[in-house]
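Handing you this structure, nothing more for now.
Just so it is clear, A, B, C, D, E and F label the chains in written order, and each chain counts residues from 1 on its own.
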């Protein structure tokens, strides 16, 4: 019955990677807490780097500084 | 004053259906709990089927299996 | 498959009112969008009036001003 | 360590405005609550006006009525 | 940099189980998507069974029916 | 019309600090984006340190290590 929301920046996660993430989190909740996988919901939000901030800066700016 | 967030898969809900959903939820909160419709906020998120999982699988995969 | 999160202030909603709200929202999603009730999840968060603001003021202050 | 999610309607906020918003909220949490800016995360969601309701109506309809 | 919100019913998850869940999800995001664990945030919400509905019923009612 | 959700650890923020945070964020959205304060909603969630993880560890453990 758990509900999991995962927010990541939109930077090219593939269909297969997202499917693996959903499977992995669902299994983790079953293994650690005995939660029923059939009613475990996982929703992934992919967020533009302009819309995500950490340390008071957007990820867009952080990526530019690293280059 | 309530805030409602509705997440559904992005599979063609129309502008009119979303307007009805917003009206319906707002009325429900007024009728059942006496909440003021004027400050009731409803936000609908439409999520790609690749990004929604249940039972450890994405909705994309589930839709394919049904066919 | 929808997921609905309803946030209201913690001001005495009863067990029965919350059950009615869950039933009502689930029916609405089935009637308007054809969503399967068996996998529709509704989570209600009850928030302290000190922790909810509108118009730049907490609900606690708003309630006091009305008296 | 705080996490802040800001939902606004998608009506043309610029990259610079969003960067200022992230900086401003991060500073506010540092100034008022002593929170470490380095681990303060801010995520902005821009929502279509069809998907946002207040007073039982979508913002799309509200904008049309004002004209 | 990911942010993960896990909602489960409040039914006795221990401090150790929650710590394992946080560690497990953080590792999964590092392994599958190469996300930096140092800025991965996980927040667990434990929700009363009266406030969680699936299939139009609260978990409280579901638990009673099973007995 | 914006909706802001702020999650912080439950470590003694006072009623006054939370009121200031609500006022500050509401003003920021008015100043930077011209958003109407009357319909700006801010909800603060205070989360137990056992339920918040960063770097794969709970805040409870992090606080103990610092001592």
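As a convention for this text, a contact is a pair of C-beta atoms (placed from the backbone, for glycine too) under 8 Å apart; a residue touches a chain by one contact, two chains touch by 3 or more.
Since the structure is predicted, the reported quantities are computational estimates derived from the model, not experimental observations.
The chains in contact with subunit B as well as with subunit D are A, F.
The minimum number of touch steps linking subunit A to subunit E comes to 1. The pair A-D is the one among A-D, A-E or B-C whose contacts match those of B-D for more than half of the residue pairs. Ranking all chains by how far their C-alpha centres lie from the centre of subunit B, first place goes to F. When each chain is reduced to the average of its Cα atoms, A sits farthest from subunit C. Pairs D-E and C-F differ in how many C-beta pairs touch across them, and the larger number is found at C-F.
One finds 26 Å separating the Cα centroids of subunit B and subunit F.
As a whole-number value, the distance joining the C-alpha centres of subunit C and subunit E reads 20 Å. In subunit B, the residues that reach two or more other chains under the touch definition are 1, 3, 7, 39, 41, 43, 45, 52, 54. Touching pairs of chains, sorted by label, consist of A-B, A-C, A-D, A-E, B-C, B-D, B-F, C-E, C-F, D-E, D-F, E-F. Residues of subunit E touching subunit A in their complex: 1-9, 13, 17, 20-21, 24-25, 28-29, 32-33, 35, 39, 52, 54, 59.
Residue ranges on subunit A touching subunit D, taken from their complex, read 7, 45, 47, 50-58, 60-61.
Across the interface of their complex, subunit A is touched by residues 1, 3, 39, 41, 43 of subunit C. By the touch criterion stated above, subunit B contacts subunit D in their complex at residues 15, 18-19, 22-23, 26-27, 37-46.
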